[in-house]
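What follows is a set of structures to go through.
Next come two complexes built around subunit A: one with subunit B, the other with subunit C.
Showing the complex of A and B:
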């Protein structure tokens, strides 16, 4: 009975948000296209033969950056911007007095957006293979399953980090500027611009303690079939979720005490 | 005996407000050293509201009406004092409490802008754990009551303000709450839409015995819905009681407009000892105390040849306007 209610709640939330996202399909297609940074990076790496230094063949590298593109497509988070606007304009007021944490709405919006992005990402991948036919491969089902899980966990970590930052709106009003600070390590340490394996050994040992390499590098290596430490990857992803979730709950509880329902 | 559903004791609320001087110098000073001060917007107020009551909160802009509603529904935390709504501390936002209340703000919307309202209704229904059958039944019933059957499938952005407001109301009432907090629900609506909304609220109150707390700047909303009003002046309660008692107390006179058959009759009436407010040719307006209305009318009808007669109440807006600028009304 209770699980049915939860299922229906989740299903309706996703269904409605998906219908809403379809209204913005062109915008979402453009967002998908704007995520092709990994392909530029692939070009820089291969044209300068940088891959030789990390024992990655051209094929391994092109698959890595294609997978980085895919992982990025399905782990992009923008909750801080939506929440900041809604909070400053008082738009979250009606949602705050409903028996559902408003972050579930944002979460559903993200999932719905990912579902909308999926066909566009496939089209981009199709064109990638036309220009790089040697990179075509079919990952086995087990790997596909594990990499889907790790991509979802990566999304969860990023969603929690941004939600924590978003809650700072209750104190600072412009929390998105803090998010911009976090964007720098995310860009450089996540594996979006370069596989983490290319970093010096002593830097790597530190990077692997942070959540960043588990956002892109780990799921992308997993999906592309490149060597990666699967148990460490999953353990660290789960560990970070367990650390971030209570922090989010705490900051949410304290933050809502500060809420002044501005703009209304 | 009807029980209290809202209990408020010594409630206060303060906000930290930052202030900035005008000009570049002020901006630079503000950047390096921000001046903030604590502003007490609600000052030690106490009141009770009984189940099924419709209470109007009156006050000038910035008096604190909306802040009180926000505290009552749990949107913001009180600084001091206690609030119990339906036996719950609102700011704890317990699921059972939230399922019992709703807040409608005239200038805020919860409907999804690009989708037809029906999608938001089903979403809200699932949030409040209603099954599809029950959701359908309630949507049908409420859409009939609000007369918006045809608008359910049109994207919200294409609806008129009145249709949108009715849809907002439906979305907010789908879980059949017992307590409604309405913050200027008729804001921006045309006269017909305002009247329909008032009719609906009155019917909803009668059918469900729901308690309604209402703020509005349209006096018609207050006079047609609320028997009791709470007047707020600078964060304090200046009057809490029956609306008609207040109106009687503040306006102990009525105006009688008399149309005489001739100018001569009007002159005679002018000199008959009544208080004359105005006179034009054969029309004369008298001011008569409420207690003497019957005897005054008898005298006029028996002694003067009159063509027509009207008894006017002074405009409610004028009377309420007086309350909003006064600190205290003991009746």
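Showing the complex of A and C:
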């Protein structure tokens, strides 16, 4: 009975958000295009033969950056921006009355957006292969499955971090600037612009303890078939989720007590 | 007479938007930290590129830092003026408030491009200048009057091109209503302005000098700054800037003919 109810909730939420997202196809296509920075980076790496120093062949590097593009496409999170707008406009109040944590709504929004985004990402990958035919490869099913899971875990970590930041809206009203601050290490340390293996030693010694390399570098290496420590990757991802989730619950309960229903 | 009126109006704009921005003082502090981290991040990325190579696209590390500095200045200008104002056009069109702008006895492009200001971008501009001065010292550049005027001319031209690009993209909202994400695409293309143009492959170089003239925006001013300039390049940049500015004006007047006042 209860599981049935949850299933219905999940299904309805997803359906509503998916039809909502389909309305904004063009926007989502533009979002997908705006994620092509890894390809520019690949161009710098290969045009200057920078990969010779780190034992990465051109083909492997281009696969790596393509996978980084994919992982990034399916782990983009913007919950803090939605939440900030809703809380400034007072839209949170009706959500709070409903017997459903509003973050489920945002979560469904993200999942629906990823489903909408999928065909666009495939088209971009198709063009990538036209220009780089030598890098075509087909990962085996097991790897595909594992990397999908690790991408999802990466998405979960980022969703939790951003939700925690979003909850700060209850105190400061404009939490998105904190998110922009947190985005900087994510951008430079996650492996989106350069594979973590190419980082200098003084960074590599501590970076694997932070969540950043597991956001893009680990799933991308896994998917592209580059060597990576699979068990460490998964355990660190799960560890970070277990660390962040209670923190989110805590800040959520504290925050809703602080809520002052702005705007309406 | 007319100029004085516009200056007076601009002073009022400054006053109102600064007053509203300073409501969020912590935000400005966080934005400062973000700007510093962002600069550190890009220098870190650059240092990875130079780990095993002494030059990239013919640029040494110390010289590539100049591009970084100019990019930071221009990014600061974008964040101070272009971003807050031109993303507002989307809102104006969607909510139909562009009517009010058009009815005002003042030029609509002036109003729409300069209404708001985000003071946090100033810090980025200052950071960029500090880095530029540092670069001048480590590259042993001797400053003289001709050199400074040439630098100033090219940077002003870059600002004009940058403004026109942003303005073009934002103006397309009149037809497509929601092109907020298009600015995000532009942002990701501009990202490559952090690196010397010569570090990309030939096809991308053509793309970034003909279709989206990122090349003109950072590389040419940096070359001038280094003293490696060729006169024809500077003249070309001035021409491109004039053409872009002129066309942005034309395009705005053209687009306005298609504006059909939404929602009211």
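Basically, the second predicted complex is superposed on the first by the 264 of 264 C-alpha atoms of A that agree within 3 Å, B and C clash if a C-alpha of one lies under 4 Å from a C-alpha of the other, contacts with A are read in each partner's own complex, and residues count from 1 in each chain.
Here, a contact is a pair of C-beta atoms (placed from the backbone, for glycine too) under 8 Å apart; a residue touches a chain by one contact, two chains touch by 3 or more.
Just so we're clear, the structure is a prediction, and the values are computed from it rather than from any experiment.
Following the overlay on subunit A, a side-by-side fit with no clash is recorded for the pair subunit B and subunit C. Of the two partner chains placed by superposition, only subunit C is touched by A:34; subunit B is not. Of the two partner chains, neither subunit B nor subunit C is touched by A:207.
Looking at the shared chain after the overlay, A:12 reaches subunit B, while subunit C stays out of its contact range. Set against each other, subunit B and subunit C touch different numbers of residues in subunit A, with C touching more. Superposition on the shared chain A places subunit B and subunit C such that, viewed from the Cα centre of subunit A, they span 90 degrees in steps of 10.
Contact with subunit B, but none with subunit C, is seen for A:257 once the two complexes are overlaid on the shared chain.
In the superposition on chain A, A:47 contacts subunit C only, with no contact to subunit B. When the shared chain is aligned, no partner comes close enough to touch A:247: not subunit B, not subunit C. By the touch criterion defined above, A:95 lies against subunit B but remains apart from subunit C after alignment on the C-alpha atoms of chain A. Of the two partner chains placed around the shared chain by superposition, neither subunit B nor subunit C is touched by A:230.
Nowhere in the superposition do the C-alpha atoms of subunit B and subunit C come closer than 5 Å.
Shared interface residues of subunit A, touching subunit B in one complex and subunit C in the other, are 24.
If you check the complex, the residues on subunit C that touch subunit A are 24, 26-27, 30-31, 33-34, 37-38, 41-42, 44-45, 47-49, 51-53, 56-57, 176, 178-182, 184-185, 187-188, 191-192, 195, 199-201, 204. Contact residues on subunit A toward subunit C in their complex (touch as defined above): 24, 26-27, 30-31, 33-37, 40, 43-44, 46-50, 52-54, 172-174, 177-178, 180-181, 184-185, 187-188, 193-194, 198-200, 203.
Contacts from subunit A toward subunit B in the complex involve residues 5, 8-9, 11-13, 16, 19-20, 23-24, 90-91, 93-100, 256-257, 259-261, 263-264. Within the complex formed with subunit A, the residues of subunit B that make contact are 15, 66, 70, 73-77, 91, 93, 95, 98-99, 101-103, 105, 107-110, 112, 114-115, 119-120, 122-129, 131-132, 172, 183.
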